[in-house]
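Reviewing the structure listed below.
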Amino acid sequence: MSAAPGTRLTPLAVAVLGAGRIGRKHAETLARRVENCRVPWIVEPLEDAGRACAADVGAQWTSDAARAIADPAVDAVLIATPTNTHADLIEMAASYGKPILCEKPIDLTMERTLAAIGAAEKAGVPLQIGFQRRYDPSYMRARRMIEEGAVGTIELVTATSRDPQPAPISYLKVSGGIFRDASIHDFDVVRYLTGHEVVEVFAYGAALVDPAIGEIGDADTVVASLRFDNGALGVVTASRRAVYGYDVSAEVFGSAGKVVVGESPETLVRRYGRDGVTRDNIFWFLQRFEESYVAEVQDFVACLRAGRTPRITGEDGRAALAIADAATQSFKEGRPVAVGKRPVPAGAA
Amino acid sequence: MSAAPGTRLTPLAVAVLGAGRIGRKHAETLARRVENCRVPWIVEPLEDAGRACAADVGAQWTSDAARAIADPAVDAVLIATPTNTHADLIEMAASYGKPILCEKPIDLTMERTLAAIGAAEKAGVPLQIGFQRRYDPSYMRARRMIEEGAVGTIELVTATSRDPQPAPISYLKVSGGIFRDASIHDFDVVRYLTGHEVVEVFAYGAALVDPAIGEIGDADTVVASLRFDNGALGVVTASRRAVYGYDVSAEVFGSAGKVVVGESPETLVRRYGRDGVTRDNIFWFLQRFEESYVAEVQDFVACLRAGRTPRITGEDGRAALAIADAATQSFKEGRPVAVGKRPVPAGAA
Amino acid sequence: MSAAPGTRLTPLAVAVLGAGRIGRKHAETLARRVENCRVPWIVEPLEDAGRACAADVGAQWTSDAARAIADPAVDAVLIATPTNTHADLIEMAASYGKPILCEKPIDLTMERTLAAIGAAEKAGVPLQIGFQRRYDPSYMRARRMIEEGAVGTIELVTATSRDPQPAPISYLKVSGGIFRDASIHDFDVVRYLTGHEVVEVFAYGAALVDPAIGEIGDADTVVASLRFDNGALGVVTASRRAVYGYDVSAEVFGSAGKVVVGESPETLVRRYGRDGVTRDNIFWFLQRFEESYVAEVQDFVACLRAGRTPRITGEDGRAALAIADAATQSFKEGRPVAVGKRPVPAGAA
Amino acid sequence: MSAAPGTRLTPLAVAVLGAGRIGRKHAETLARRVENCRVPWIVEPLEDAGRACAADVGAQWTSDAARAIADPAVDAVLIATPTNTHADLIEMAASYGKPILCEKPIDLTMERTLAAIGAAEKAGVPLQIGFQRRYDPSYMRARRMIEEGAVGTIELVTATSRDPQPAPISYLKVSGGIFRDASIHDFDVVRYLTGHEVVEVFAYGAALVDPAIGEIGDADTVVASLRFDNGALGVVTASRRAVYGYDVSAEVFGSAGKVVVGESPETLVRRYGRDGVTRDNIFWFLQRFEESYVAEVQDFVACLRAGRTPRITGEDGRAALAIADAATQSFKEGRPVAVGKRPVPAGAA
């Protein structure tokens, strides 16, 4: 897409790495829903998918990430590739001084996560992590209410995520496990909504949906109890299969009340019949968080233009992963596990 | 905006007439949310508004509607000008053979409405009327359920529309009155949801919100009872001021149950405090019907490409106006009034 | 039931006239749920029903109302007989100076209604009318909120009542018609909630549920538009058949907001399945208003003991009937009809 | 109350032990809401309270439990005394062969609990435990749905209980701790709804509401993760203070959907204002479970008359306590704890 006539700023050029479901969504957003922005490159190993996406947004296609990242015309990069490539691409983008919006998680290992964060920090490039729920109007309003005192002192926090059906076992094998792949959103949400850090986790997990998930050492049904740094307690539950739809909600309870982010119907329709009153339920996470995915990309660009630090940083990515790591370990070992803090960088106070 | 690379079709060029709130919204949709579509002209008497909107969507600005409509590069026109210009513009577009998407109502008088519809029919150009609720996912699902028998034989229909606050009195003076300006959406909705025609109306109206509204012979609070062609009954209520937000809902009741399109919260947040459990409410019709406005424009273009008749025709515009006319007359005369049918065109069977 | 030991007051003896569904309910309430109260007589023409009810509450049975009413041991009477006997029984009770709780309506004719009210007034006996919704916690709270200003100036009022299925045609023939039999509750509710009088009605009616209802000159589906003495508008709808349950609700809308008394689920259970989220709905009016029926009887006794005027008077019965009469006439004549006011008694100012 | 005339059965005489809040409630139910039942004795150490309650229900008062239990006219006993007396009273009633309805818990220690259950079993007297939620229409319907397959294979269960404010510290000191005193209802509910046994618990607890609660070694805010015998997971949370009311709910999730027993509003009223849409919330557990308390007593009597085993047995009391014991130990020791099974009685298979 060429620059829109009548705008005075040079369009911001954001290369999109990855043309899967989320990559395409982000590319469309950059091309059509962000003012004065363009997508010069789509980086994708699969040529057909890459070319189709590139054509859609007026970009060039390449399978060579370095070519796009190094292109002086590229102002920033959006990383929506498989997780195991995130850290390398962050380091590469950092080395070229390009600001980064990276889908969660940064990496499945803490070591590479820290390295990638360190690279971005050292290079002084903004690194925003794609926890899109933080851009959902409901979660944003809940957080504001909590900040304004609606629940008083926070005492008890719950969050749940349940998908309509499990991803293929081939994906799950490299997903890092349900805590790092799915519950990580809830671990981020409880940090976001409360402003507190989780210090300890006890997690139960079971493979009830599909024994194959158990055979790869993973769980599909989990309950993770949390202890926060202010003494509050919490619990995150998850399932890989809710046949009635996409079931995501959170509740923050405290001395002055509670704030709930409820589940989402798809429409406002209710049917009254002999069998009762029925409403629908949303099924697709991209529909539930449609607005959030757009808003996070818009805000990434807005932050770059304004020189603001992104709202969701590498440290947020690390902290959520640290909880997921502790949960995974607890699930394996059957005991509560302390959540790791960020190592103090050498030479820091 | 130039054609998106990689698409094979020639982009469809839709001139947008009117750069007010709705005109701008539609122009943005055409430019950014409809595949392979462009806006060559923004027609707007106010130069600043016109130029700003044109710049935003990559169009040229003109104050001369004829210039845009006559432009051979223009494939279709979208009319979002003040109501009193609609019929003239429809006739002009028809005379140039240009398909038309026109905001409701076609005209405040039945005579000019019929003339405009006639012109489009004679010219064989598609004329779609902007009753956006018909593109709302909730209303669409309700209609489908009703078609599939969810309520059985329709017996009792209710619909209501309440705005957060009245428009300025200067606007209300030329609005045609509350039935033609506001309830017309509900008159269309009850036709859409039931598939039946209203044959008689009895309407009460009162100026309770603002005496100035009464002084211009209009009402701000109304109750219109309806009788349908199948014997079913209905009622449409409206108010120009609901301090708690934008309150739009409908219910279709019958021998097998009822289907309700409920009011809309703004978010999924609930706050629990000493004073009870509170959720928010939506305030802005453009937020409530955001998706619908986009979808109606997308469907207009899709119909043109596919050679399909638009889902909402001039006759739909006429029929809703005829109910509004009857309601207005009933309100003035204090008696039930029959709803006018479409005059049989000369020479028709 | 003999007097409960340990209470110091003489038990209040309330004769119950009528051992149908409601009569039995009230007799049980008097015998078991009202402190220090007893039921000395059950009056019922059907011996079996009368004896069974009497045995249940420790009463004697008679088919002779005069015998029970005249019994000096009887302190008050509760009339739950067929409507066409109400006025006579009120007059008889009044002649013996016995306070009266009478099921609605007092009579199907205004003439007999006024006569019965007059008899009670002349005798100085309290006459409470059984509009049980006024004792429902939801309606009571709504009224209090409205009195406290929650809706500001009242502008638009709606109420609806829908039964799961029509009563037998034999009953409907002597019911006085749907407005006097069913909507009368809503006519009372709108008076109760708003504190305003209805001055004019326009009513549509249709026999859509059962043609036999039309053949007796009645309707089973109605829409009655209302105009109140303060200029506010309203609408009452009703159906004799809601297959999904008992559907009763009301809404009062005004300059500062609205208050809604919503429909009632039967339980707090929600089922989530592939077909959506389903809750149940209440089916039986005696279940919906269980608490209200008990509370109205308790309050009747409490008023007698305290010498207070009942909360719902003969005038309330007359006023609701007057609206029902106007609605019936409007339905028959197809024009708005003024609601009759209470005739000034001879000799009054 | 003397026998109601016309009933053929001898009235059942149930002595009520304890005239506190729950004891009085049960006595009233027995005297007024259970057909052909009477309360011959109220046993209560506090004379004034005992005499008042006795007078209210037509009973005699005594402070001597043995006198009432041994009275040959007494058919059964209802124990609503402080918890630390339950086991002794059960044993005494068993020794006289009197059927027992005992408020939960049987005892705070497993040893005395087992002894009391054993005494009742040995004597062959029915022992019903007062988990009133099992008589709530919502919980009963949820269970039936689950039995009929609404959730398929059970995978994830949650339940919560939150009181408006903590009981006095003097009560909490002898309450056995939050798990035995409050969460025990939820431990019973998850058994009831799922039909499965809990085999392991991990519990976090914190004293966040009142430090004095922490000082007595108890918690006021807890999260207890559960593992069931079928592999399903669960979580029970509780708080001693929900300022917005009494917050009790449960959810059973599985392969075919989920069933939720939601929280309860107090009325059906919603207020719409500038600040949103507000409904009320119930505050008092006796209001929430009013129907359940009546139904459990009615069913106790019905079981005695029919010779049926009570729906909630001593084993149910033991099993819930065993979970509470495990949760308490887990909370103290910071590790998952297996739930004790019932010791096989000597000589059993």
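Letters A, B, C and D name the chains as they come in the text, with residue numbers starting at 1 for each one.
Operating definition for what follows: contacts are C-beta pairs under 8 Å (C-beta built on N, C-alpha and C of every residue); 3 or more make two chains touch, one makes a residue touch a chain.
Remember, it's a predicted structure, so these values are computed and weren't measured experimentally.
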Labels of chains that are neighbours to chain C and to chain D: A, B
Contact-pair count is greater, between A-D and B-D, for A-D
Chain A and chain D, separation of their C-alpha mean positions in angstrom: 43
Taking the mean of the C-alpha atoms as each chain's centre, how many Å separate chain A from chain B? 39
Between chain B and chain D, what is the separation of their C-alpha centroids in Å? 58
List, in ascending order, every residue of chain C touching at least 2 other chains. 242-244, 256-258, 272-274, 280
Across the complex, what residues on chain A touch chain B? 1-2, 4-7, 32-33, 51-52, 54-58, 137-138, 141-142, 145, 150, 249, 256-264, 266-274, 280
Mind listing the chain D positions that touch chain A in their complex? 152-153, 155-156, 158, 162, 202, 204-206, 208-209, 221-223, 225-227, 231-235, 237, 239, 241-244, 253, 255-258, 334-336
Help me check something: in the complex, which residues belonging to chain B touch chain D? 242-245, 247, 265, 272-281
